[in-house]
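After this come two complexes, each holding chain A, first together with chain B and then together with chain C.
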Partner chain A sequence: MSTPLLDIKDYSLDIGTFDGPVHVLKGINLTVNRGDTLGIVGESGSGKTVLVRSVMGIGPKGSEVTQGQITFDGQDITRLTEKAWGNIRGIRISMIFQDPMTYLNPLFTIGQQISDVIAAHQRASGEGVASKSARRARTVELLDQVGMRDPDQLFDQYPHQLSGGMRQRVLIAMALAGKPELLIADEPTTALDVTVQAQVLDLIKSLVEKLNLTVVMISHDIGAIATIATRCAVMYKGEIVEQGATADILGNPQHAYTKQLLAAVPDIEAEPKRVAAAAAEPKTEKPVKLLEAHDLTKIYKSQSGEPFTAVDKVNLSVAKGEIFGVVGESGSGKSTLARMLLRLIEPTSGDIIFDGQNISGLNGEPLRQMRRHMQFVFQNPHSALNGRHTIGDAIGEPLRIQTNMSKRDIEARVEALLDIVQLPRMFKYRYPHELSGGQKQRVCIARAIALNPRLLILDEPTSALDISVQAQVLEFLQQVRAELDLTYVFISHDLAVIRQICDQTIVMKRGQIVEQGDTEKIFLSPAEDYTRALIESGRKTSRAANIGATG
Partner chain B sequence: MSNIEQTATRPLSFRERNASQIRQMRLYAHMFRGSFSSMLGLTLVVVFLILAAIGPYIVPYPEDTRGAVHMAARLLPPSAEHWFGTDEMGADIFSRVIAGARTSLWIGIVITGLGALIGVPLGIIAGYKGGLLRACIMRVTELFLAVPGLALALAIVASLGPGLTNCMIALAIVWWPGYVRLVEAKTLSVKEELFVESARSIGAKTPWILWHHILPNCMSPIIVKMSMDMGMAILAAAGLGFIGLGAPPPAPEWGAMVSVARSYMPDWWWYSFFPGAAIFLTVLGFNLLGDGLRDILDPRSRTR
Partner chain C sequence: MLTFTLRKLLTVAGTMLGIAVLTFVITNIAPGDPARLVAGPNATEDMVATIRTEYGLDRPMIEQFAIYMKDLVTGDFGTSIVSTRPVLDELLRYAPATIELVLVAMLLGIFVGVPLGMLSAVYKDGPIDHFTRILSISGVAIPAFWFGILMQLYFSVDLGWLPVSGRLPLVTRPPEFITGSLLIDSLLAGNFKTFNTALSYIILPAIVLSFPCLASILRVNRAEMIEVLQSDYIVAARAHGISSRRIVICYALKNALLPTLAMIGLRFGWMLGSTVLVETVFDWPGIGLYAVSSALASDFKPVIGVTLLIGFLFIITNTLVDLAYAWIDPRLRRA
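This part shows the complex of A and B:
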């Protein structure tokens, strides 16, 4: 027991590309003892996934270990053959992946997929495959272990019948099938809703205690790491910049990057600055309504012909100049609502009134003219930009469509817009794939404000971005709003962000508004159970991350 | 950041502005060079194109390509004087094969060009608009696909009358359905992309979206299919030429040459062998080139 379970020594990895080798990992030193829970934090591109994949022997194509080694339980696994891996991968080390939606085969039942894994393990370990009924019993036991209700019935269900959180539990059950000594969790909660995130984290935590697992969890969410891991390492640009006990690192960060990362985490408990500012500045005039919706409803017809109500009789009104928040879990209809407000999706019934004009009946040219005044910023900046257009083309596109400006004027305006979103002017010759996520989102915002709109609808504008970038984009959004006198409708599942920036908020559940009103009021005294549950689960991870900062 | 801003004040050179495209092209070239078959295909196609461009000016017996008769030099085997031998009219086969390259290139360009010109817009409209319009376009397309292409082309040429132009028209008519299928499928996936919705939200009209967003993203498979189809179209035209529906006899067309030559097999083998080899190498070249282009343009292989 004196030897550590996993020992990574001075490990460096290059990936060969056309432009020459990229040093993805640089001199990584990590030790994991039995019973440890280690969290690795870092933003996308920091090399954390490559690191844990190397531990599993599934590193990226064209990669080359330049120095160092990985030792697992005294055995050097840096350069194992595929055959030797068979006895380790999935049996002694197993992994939970990020996206539960794509890691289950839709053509097989849950039970079959897990019992196949069990059979594979038994075959690999040379025990001989157990009978079908024995494997079924073990599968049901595993499903029970991960907290699934009615595991017997679940055995015969298909992945599409399960929700995201349930699928993640199934994947965890699958990872536990071989009784692994080391469990690697690669962003296990990133693709899940807030309330489900908290549940899955609780599950992993209880499993660690019950089964005495050794866990390496990677995440960009410091809250998630803080909930699970006793020890933690911070990765930045392929290096581990800091490691130690989680409480120490969060409470007393040494490296500049860690400090910056911690400062960027939005705190759900903090009273936003704008509340104090609003109190100091008494309202002089009655706010003008910019956008109103009356009984807005969208009914989709499912394939079986049954109607499905995505948005159900929503009423809302957004005052000029405010930030209007929309919170809800995935499937609550918030994106549908946002698209309906812009008439990107046709509402089934109901009225949208923008600046005193009912736009729900507009068509053709008048609707096109209307689009000048209201713009949309999409959730995923990576796919919201056409990969074949340069950044300059993308930002200039609304000008080319909606105005008669000359080519030279458009060029000038594009440069001005790049200045506004604080990107270098030479970026107009670049292509989207050369930019980082945060830069792309800035380009999307520049594109949205090109026509001087009055209303900007932001659909989770930061959820595809890293935390440190998220903080920058949020701050920047508030700056732009002040400069250009904009009104925002801000959609998010992240309550901490909503509390920081929104004046008014509505909480949505299954297409209906469950609660609405002043943001501070909702956060301090939620009236509905659902809102309370949402805030509570948001609080859980937020509090864990801010242990050091507040206490 | 600050040093970037400083450098940005002076106008950028062409090289700097297009740095990413230059890198992309170099990457393509690098990947293409790595594959022997792609390079073989490219070489064959380049040789073919050069012959098509300058062939008529470099052939040793230009008058033979226009149907000159030398009864004294009938059916001579390959020699230093006549590299590929001579045919039953005493014409130099080497000259005629080279001159045939231009005809074949013309056939290939016209057929694939017309096919794409008809097929691509129909495919984009069908994929983007959906509904009844799509159903109509796709059913008509399937109707054409259900009949064997060459048989249909045969019927069309037969009704229009034999000749090179009619042969090309007939083949173009049977060629477009493939493009509709290809482009429709690609459009269906591209139109779900966020940037299409984004363009709609800034008020873009449908033609703008089709031209600026859908079409550029459909270009890779279209280019690949066109380069592959060049070979197939040349082969199909040679087939029609073989059964006497292509270019009339004195014209140096490969299919027609093989057709006449088959009655001289096997004693005068060179007569059919060299035009046949020309068809074979050209079709092979375009197919290998198409394969190579697919490999480098396919986003799934773009890991680097």
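This part shows the complex of A and C:
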């Protein structure tokens, strides 16, 4: 057999910190042959990004290779000089990134950025830089290759004028500029909408076949890995715990961590597990309505003066005790709707009825009083907590603002709340940066339920979390609801999650509700094309479907 | 971009009107009777009354304001009591010296501050970074008049390299007035000897005036560069094989320049104000010195004139900064 394209042998890497070196990668062994498609699965902090960046020679600052080596096409690239990298980086090995917005320079046009890459490659290979028009032609050709409509016009546009999916295509075009032998994809679909995810994966897949690319793709999304990769490695705490054919690993995981990871993936095909719980509590004859919205509308005025309707005449009714799902892609208006329901954003028109009272006209003190009954949990727990306040301060804050409780009572309540969210009481002295993402989200939930609200609005509460943590938080949310008699409005773009926990669901598109009703009914027999398309895209990236396809 | 520019110019007009109104109100609130001031200490009541009528000070406030505004629009800034010459003439005579000094100081601040900031960001915690840290802290901490005197003592008195004060020696004939800037005018006239002399006179005051400005530009640019260099698109540019030099100079600097530009605009206004000190120390015949001597002589029309002029220059610079912002950042152009 010929030499493998990429060969990582017993590779270990430390990163120096104030508390001494952290072993980020431990004895990694990986081999990628030409034409291979390898997926690396792992959660945040598993070291997968550090690993692939080391392959590109752009590893983190202050890192040190303690043992092993990386060989690319027979050449040891472990400790190459910057100059030697010039002929490899971006040319023979190139990379596509996670968040297409932040990985494009906002001040340069798409065309400038791509032709710059082309020029850099020509300079590095000693060909001499081609003329501006020749580079433009090549750029347009690349943009066309990644399926962009109207690439000529796109050349002069800036990143902020493009949608997320388009930006990712631009980044892919940049990565292909040097006709790379090895393409590294770092979570290429994570920051995209479900339908766009499916399109981008299709694109990568077709490019792999057309251009005969060798691909290493890392993702925490097992569905995405299964779509692209024939071989797969599972990373956990800096080690590769399992590798082999994707179908084998997904179908028959050996390592305990892989099993746990796979079990945590919400499956869009799975029947919800709530049946038993629902049967246990006898249903009341007539559900009591807790929250209603009538013709709720929000119109923003753009700076050029054009009105933009974010939420268009939405009517909904949430019964007491249920989990009410709101699903839709980014830009569908679901977050605006959620914030309006709490009057965090003023509706342009329409009514919000909470527990029989119209709160759309409330102001001042009555509105403030009303707020204690309805609370909000944000998407990103990392930014929802003030880094300079202890966890105890954060959870106690609503109590200090809304009640006259004494300091000691507040202290006791904070401890009780920590018990409820299953965190150690001592956590009240800690600061947010000392907690993991899942722990922080629990703190946010504790803060939201501090005042015994009746309604919680959860805006993508698990989207910023790892899959296994997501599974825990979802389960925990269901427990808390039962214990505290809560009602949830649950916003998500993840259909599998919605199916798992929501009773009723509305599907939103461009500010309007396109379909609503019983969650199971929507999933089993969607009435609208849009819903069907959404579920179809969700299925494409779903684990079960892909195991079937690859196996 | 065109509508953006037009809209900005409208704002300039509005702000200028605001400054004019404010100056009028302040002069009318300020204690003292202008008519009596003009008439001098030995004047009789009759003389004061005549002057009051002559200057229109006995008319209703609103009418006075209308006259004041009409005068301003037609470029009439009143007459200086001390020199009995129109204030506008004097401003036009003194302003070029100040503008020349401020511009040279600004250029120093930008062309030393921005590259130093960039270098200390790229070589963070290295020797350059430590050196610039000392430089920027002293720049902000040392008072201009003291620093000015130190520089005079060392470079002019001890070493004798540069003249102590003034703008040109009395024996040198200034070049023909074209722009009012001695440096530019002497170059235009092809007179390099005068250019060199003028340059030797402007170096010290320009350094003293630019030092705090240089320090803050350096700090802001360093901090911004450090942040930008860690951003995702820089990682992506490296991964795409773009050379480090191009990444720093082109990709990162353009992004880091935006906040630096804002600082430059603010510092420009600050420098116009500081010229009062620096011009006094270096005996620089600009509007700062003119304002100080007029204020000491209770000659208020020149003070108002200088206030309006500095306000005008400040607004113009900041409008230019805004336009530069939009020119650099495409996301701002729609606003």
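Quick note on the criterion: the second predicted complex is superposed on the first by the 532 of 551 C-alpha atoms of A that agree within 3 Å, B and C clash if a C-alpha of one lies under 4 Å from a C-alpha of the other, contacts with A are read in each partner's own complex, and residues count from 1 in each chain.
Assume a residue touches a chain if its C-beta (ideal position, glycine included) is under 8 Å from a C-beta of that chain, and two chains touch if they have at least 3 such contacts.
As the structure is a computational prediction, the values presented were derived from the model and not from experiment.
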Report for A:R368: first if it touches chain B alone, second if chain C alone, otherwise both or neither. first
Which partner does A:T102 contact after superposing on A: first (chain B), second (chain C), both, neither? second
On the A-aligned overlay, A:L342 touches which partner chain: chain B = first, chain C = second, or both, or neither? first
Just to be sure I read the superposition right, which of the two partners does A:T17 touch: chain B = first, chain C = second, or both, or neither? first
First (chain B), second (chain C), both or neither: which does A:S44 touch? neither
If we overlay the two complexes on their shared chain A, which of chain B and chain C does A:N33 touch? Say first, second, both or neither. neither
For A:S163 in the superposed arrangement: first (chain B), second (chain C), both or neither? neither
Considering only touches as defined above, state whether A:Y431 meets chain B (first), chain C (second), both or neither. first
What residues on chain B touch chain A, complex-wise? 1, 4-5, 7-8, 12, 16-20, 23, 26-27, 30, 193-195, 197-205, 208, 212-213, 216-217, 303-304
Give every residue of chain A touching chain C within the complex, in rising order. 56, 58, 82, 86, 89-91, 94-95, 97, 99, 102-109, 116-117, 120-121, 123-124, 158, 160, 171, 174-175, 177-178, 303-304
Contacting residues of chain A [partner chain B, same complex]: 17-19, 61-62, 342, 344, 368-369, 371-372, 375-376, 378, 380, 383-389, 397-398, 401-402, 424-426, 429-431, 434, 444, 447-448, 450-451
Chain C - residues contacting chain A, complex: 231-233, 235-244, 246, 251, 254-255, 328-331, 334-335
